[in-house]
Amino acid sequence: MLAHAKMGITHMKWSKFCVFVCALMLLGLSGPAFAQSAEPVSTAEIGYVLNTLLVLVSGLLVAFMATGFSMLEAGFVRVRNVAMQLTKNIGLLAIATILYFAVGYGFMFPGGAWIVDGILGAFSTASHQPLDLEGVSVDVTRPALGADFFFQLMFCAATASIVSGAVAERIRLLPFLVFIALLTAVIYPIQASWTWGEGFLHSNFGFVDFAGGTVVHAAGGWAALAGIIVLGARHGKFSETHINPMPASNLTLATLGAFLLWIGWFGFNGGSLYMLHNEGSAANLSRIFINTNLSAMAGALAAMVVSRVMFRSIDLTLVLNGLLGGLVAITANPLNPSMEVALLIGAIAGVLVVQSIAWLEQRGLDDVVGAVSVHLVCGVWGTVAVVFSDDKANLIGQAVGIGVVGAFVFSLSFIAWIVLKYTIALRVTEEDEEVGLDLSELGQEAYPEFGTPREA
Amino acid sequence: MLAHAKMGITHMKWSKFCVFVCALMLLGLSGPAFAQSAEPVSTAEIGYVLNTLLVLVSGLLVAFMATGFSMLEAGFVRVRNVAMQLTKNIGLLAIATILYFAVGYGFMFPGGAWIVDGILGAFSTASHQPLDLEGVSVDVTRPALGADFFFQLMFCAATASIVSGAVAERIRLLPFLVFIALLTAVIYPIQASWTWGEGFLHSNFGFVDFAGGTVVHAAGGWAALAGIIVLGARHGKFSETHINPMPASNLTLATLGAFLLWIGWFGFNGGSLYMLHNEGSAANLSRIFINTNLSAMAGALAAMVVSRVMFRSIDLTLVLNGLLGGLVAITANPLNPSMEVALLIGAIAGVLVVQSIAWLEQRGLDDVVGAVSVHLVCGVWGTVAVVFSDDKANLIGQAVGIGVVGAFVFSLSFIAWIVLKYTIALRVTEEDEEVGLDLSELGQEAYPEFGTPREA
Amino acid sequence: MLAHAKMGITHMKWSKFCVFVCALMLLGLSGPAFAQSAEPVSTAEIGYVLNTLLVLVSGLLVAFMATGFSMLEAGFVRVRNVAMQLTKNIGLLAIATILYFAVGYGFMFPGGAWIVDGILGAFSTASHQPLDLEGVSVDVTRPALGADFFFQLMFCAATASIVSGAVAERIRLLPFLVFIALLTAVIYPIQASWTWGEGFLHSNFGFVDFAGGTVVHAAGGWAALAGIIVLGARHGKFSETHINPMPASNLTLATLGAFLLWIGWFGFNGGSLYMLHNEGSAANLSRIFINTNLSAMAGALAAMVVSRVMFRSIDLTLVLNGLLGGLVAITANPLNPSMEVALLIGAIAGVLVVQSIAWLEQRGLDDVVGAVSVHLVCGVWGTVAVVFSDDKANLIGQAVGIGVVGAFVFSLSFIAWIVLKYTIALRVTEEDEEVGLDLSELGQEAYPEFGTPREA
Amino acid sequence: MKLIISVIKPFKLEEVRTALSGLGVQGLMVSEVKGFGRQSGHTEIYRGAEYTVNFVPKLKLEIVVSDDQVESVVDTIAKTAQTGKIGDGKIFVLNVEQALRVRTGERDNEAL
Amino acid sequence: MKLIISVIKPFKLEEVRTALSGLGVQGLMVSEVKGFGRQSGHTEIYRGAEYTVNFVPKLKLEIVVSDDQVESVVDTIAKTAQTGKIGDGKIFVLNVEQALRVRTGERDNEAL
Amino acid sequence: MKLIISVIKPFKLEEVRTALSGLGVQGLMVSEVKGFGRQSGHTEIYRGAEYTVNFVPKLKLEIVVSDDQVESVVDTIAKTAQTGKIGDGKIFVLNVEQALRVRTGERDNEAL
């Protein structure tokens, strides 16, 4: 058990504060204690409470995204792989939770304690603030440290969810979970520290990524891309002459998933504001909500139109992908763009999604849910688009950020996938793939009574 | 792109404030700036932050209603029309978002700038407040303008969702979306301006509709009624001798939808309080939650009993409709009624729903999900019931409000449907209807692997 | 209708406050009125507003749990009983809402007005605070009374939901609803008053149960256990030689339910803090979120591993049960444990769940969803585990609490089930059970088009 | 006795069944089949990739009748199931050697 | 060889299958059918409108056996599938001219 | 004419259908069946309790062909459906007395 007075949770931009707190702790925890009083409320504390509330509620909304990812993916795979897809999603949440606590959070927010300055943070485990904050002084313009940890954990899990959809229907459970462990403990947090943990992309290149267009979405997309390259396509997906569609088994579930992702995204982008302690932040939060929604809807509509024009009929799965593409694209900066620009960012994302899905398939890359198109392509687009409305961003900084994160995540992931492939094997056998992962790996069916004699 | 200092979002009761702000802007934006300081929190700002938080969170809850409508409707239609119903719901959200921003919000909240005084607002497009509210003074008893826009947009989308369920399973996608464009850009906002935008129903008749029993629900119901009259029943629904049921294809999905609507409704009614900046509003918000829930549950229970008595067995779809009827009925005033009265309002709604569903069917009106019974009948009932517990409302004012909104929405909608019918055609062919809209219009199945040979 | 000035909602620890308020009311409501002003915000009120907001939002999150229970249970039963399971869940919500308002809340929070001191509260009906709190003085360190009522109602409904899953697939609707009426009006509130309503377990034994590990979950589990004993197993479940599995019909739905329960649980545990008016409570709320999540995920992972080791393959339904077991186990005290201890509590719960499910089945007890294992076993475990991290709790007090609540709830429930069995009969006939409750009791199918000729 | 196997378009089921009832046919079995025939399937596009659905959903009726009913049953199905468009289906007649009603043990023509 | 087609109530499947295994029957096919017969369907009410479900869910068993097994198989099904209530089902016997086991190419009685 | 009933492994459908098209077979019906045979089912574990799934999912093909096509059709199915592993399925041939194309009223060989 941890001593309560030990404060292990640290955070970007908090380095000075942390030094201060550590000093206090060394001095025997005799610092001013704002929160011990039982009085109704001290004005100085309200900002802290409101910031915390914003970040916790936003974290819960991102938990809806985890639910949304699971439903979307379970709706996109064929019936025979549904239970496995759900199992993978719960498994990744569990692994992300435990490893981000034990390892990842420390790497991501070294709070000034770098092994390699600005690049590799020192190892540490997340821990609690003491009860009632007794004996600890806090920064009233920030949320509670615990709220921050909870929120950041959900981001880490979201990155992992991106991967699970792309590699569905043929990967074994164990190597998948091993990769997720690596991703959430090491790959994701280290690259994220460069941008959000006061690392070199932030400090030296002025790279701007408000809520994770690159740090979360493109990063997840790169890991997914490496995965589908190493793994290969589903058996039967590509024949010499043509592409064999393997239609999504449950479009209501997929749509439910997309709706939950849409709702959760307001927390993803809104919570990234990290403050709600004054009028300006309240107005900014509203603005983030509006822009997030406009971009999402423009993405959906654009995909609808493009799908109609290119393929003669509207494809609901592409509309869902367009919606999500719009959400990804606005993530790198949902605050600065005007409403018209937000619409434009989303609409372009909707076009990009449909085009890149077709493009990837033509290259024999089998991404079951379109994760690479949605998260990588639109994440990059959105990160570039930051320069249109944010004066603090410049094209070079953005390009460096996109490139560095991409190179790091893709190459590490690629190596990891390759190692897994040649050690414990990534794929199920062709026969098991034919039967489906539910029966072959879990011995279970997701819908045992549908489409088969009731009593058999 | 918009100049940030230009403030396009306006609102009811804000006319004076707007004049003030405009004056400030003309004076070079030299007004007092409350929000520029970096201090943790100024007491004067907290109300503004809390109001904004209430309205944004409520807006998100109404987004759950959008999800709920989609799931409910996809659960009520037959398997062959599920993907289309989902596509329509995403399409209507996209169109409502874009057109309410571009056109509707301006019509709804002209802020004193009327073309025809109290009746037709001047055209304008919604826009943002500047970042961090820099250079703008705000009304600290109100939420952020952006929060208001987000919340009102979700209301507009809810109105559109009501229509989509009623006309399901036979309408083509294009004319449906065209009608939604008209509804969300023009019909809904103009009538809403009369009650909520300082228009004549509010000013001259004292019409009271707290959260939209008439302005949203009855209005949506009228548009839906006009739609099913012009469109005609589903092929095969009514034979000379009897009514052919077309059972809901997925009751778990329908129930999930109803649950999400129930949860979202707390935001719909609660957010309409628009303030959470003092003890009184906190207590009132609690009261709204309690009454909303009591009415919903009384509606569900009443429908359960009535369905058992009238039809010898309980029909889950009617129980869901009863629950929703209870929610609609309390919407016109969820604040004033005592708990006992709230129960009564909901119970009567539950009875009305079941009775009116049977009544409509006997008249050959084919409302797939019971939208007219739930939203129009219970919306009217709830708007009348306001007089029982709110001294500010009177029967004449309520009757005028109900009548004027109904006449306007129904007649405009009726004309729109007729025009669409004789220009681009509303319905799919009988053969396509038989095959289902999913295959005939989208070339896609919602559940391709269920109930058919797995490999075929 | 209630006189608005009469304040019927009372609460634990509020006895003194209530006496004060009553005195005020007798004095003609001339007391200080904090909330009448229209000024933006008074610092004294903010705590009250924030506490209320926490409790209302948490109540909504628990409403997601109601949704989650319904989906989980509808996913675990076989197709033929799905519509009935949904109907039961809506029915229990309606009955809990109405009876907890009319009877239960008064029993649970007698506010010092006991019939038998510390054991049986005086009867009273919940009622509202006056609009805008006019003429009433409030405790600014508490949430609004109405928020408290709403939150507590959702807890009561959760207790009822636990029962519905266990007795699924064979119980008739009417006796089920009668039992729920008894549970929510009498059994649950009376025992809950002992711990949370200033009753004897709290006062005399120092029994600590932060968010209801025993008061809600074990209590619901005891009622469920009595139910499945009296009711007997599903026909065909146990033959002389072996146990006949009756696989869950819809694992996506079950997983969705588990995800919603997970999300809602943050409100269940977080809202039980009842305050968010200062820095300390904000930090504590964050801590509750973190611990709740860690325990849940440890439970899921442990169940995954145990299921793999014991049964050679991972069973998704057990993983879901493990997740829920972890959530139940941390409920009795989600605040004090360190992160490592929270992980341990959850992991042990995950093991217990799987083991006890097998144990119960071997004893011929047929619990369709594993409710007894999840809620009773893990509820008891979590209540014991409180002593590891909370100095205020001691093993004897905890044991007394667990024992007294268990004995009371189990014996009263057992008697109630027996009486129902020999009066109106609990079970459907064997033939109706074979056909399924959906057709035999409701005359309806949940998925009428799946697995049967489309046109038949 | 003869077994009449007939493939029809799904939406014709109710009409055929009613007509057969009129003829005094007391029982039949319906099953869902995927038909492959001259009426080729349609092409669908999923996420931009075109594919042909070769099979068309049909219903298969199986009816055992006494020898003297065969002619009228075949004619009735042929008439009511006809739309004149490709894919209307087929009727096949096979010989049945024995029949038995499980409930009563009645045999052959009495079992129908 | 004969093809025995049998319609039974769904919940009898396990019992019938076990009894047939006891007889040495090595294989069979089960399919889900909607039965129309003397056992008429039930009326359901959906949103207040009554309608008759004419079809009752049944299982169809298809078993090919050698000529000398026919009698015992028919009797066994007739006995185990019987409840005595209407709708118990039928058994039909048809002649089979050839049989072949795909795996080995064995023919006729050896293929069963 | 003959009715060829064939049980095959589901994943062989496309291959068999293509081969038959090559032979000039113009139509067939496919239905989903649960097969019971030498290839016993597998055991599954649900919540710790083991149980045997006795039935294996198979597809049943029904094809009516003229007498002179029987041999080649049976051979073709036997060849293409074969994997050599247990559970490959069976082929049965029955005599068909009449055939009729609903659309045109054509009879017998012309109806196929």
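Order of writing sets the labels: A, B, C, D, E and F. Residues in every chain begin at 1.
Please note the rule applied: a contact is a pair of C-beta atoms (placed from the backbone, for glycine too) under 8 Å apart; a residue touches a chain by one contact, two chains touch by 3 or more.
Note that this is a predicted model, so its numbers are computed, not measured.
Here C-F and A-F were compared by C-beta pairs in contact; the pair with more is C-F. Homomeric contact subunit A/subunit B: same residue numbering on both sides for under half of the interface positions.
Put simply, the C-alpha centre of subunit B and that of subunit C have 32 angstrom between them. Averaging C-alpha coordinates per chain places the centre of subunit B 54 Å away from that of subunit F. With centres taken as mean Cα positions, subunit F sits 18 Å from subunit E. Counting only residues that touch two or more partner chains, subunit F has 11, 30-32, 34, 44-46, 54-55, 57, 94-95. Annotation for subunit C: residues touching 2 or more other chains are 43, 46, 48, 53, 57, 140, 247, 250, 256, 313, 315, 443-444, 447, 450-454, 456. Of all residues in subunit A, those touching subunit B in their complex are 43-44, 46-48, 50, 53-54, 57, 61, 78-79, 140-141, 247-252, 255-256, 258-260, 262-263, 266, 270, 276-287, 289-290, 293-294, 297-298, 300-301, 304, 313-317, 319-320, 323, 335-336, 338-341, 343, 389, 447, 450-451.
On subunit E, the positions that touch subunit C within their shared complex are 11, 32, 34, 42, 44-46, 54-55, 57.
Residues 434, 439, 443-444, 451-453, 456 of subunit A are the ones that touch subunit F when the two sit in their complex. Remark: subunit E residues 2, 5-8, 31-38, 54-55, 58, 60, 74, 77-78, 81-95 touch subunit D in the complex. On the side of subunit A, the complex with subunit C involves touching residues 1-2, 4, 34-43, 45-46, 48-50, 52-53, 56-57, 59-60, 63-64, 66-67, 70-71, 74-75, 82-83, 86-87, 89-91, 93-95, 97-98, 101, 126-129, 131-134, 138, 140, 143-147, 149-150, 153, 173, 250, 253, 256, 441-452, 454.
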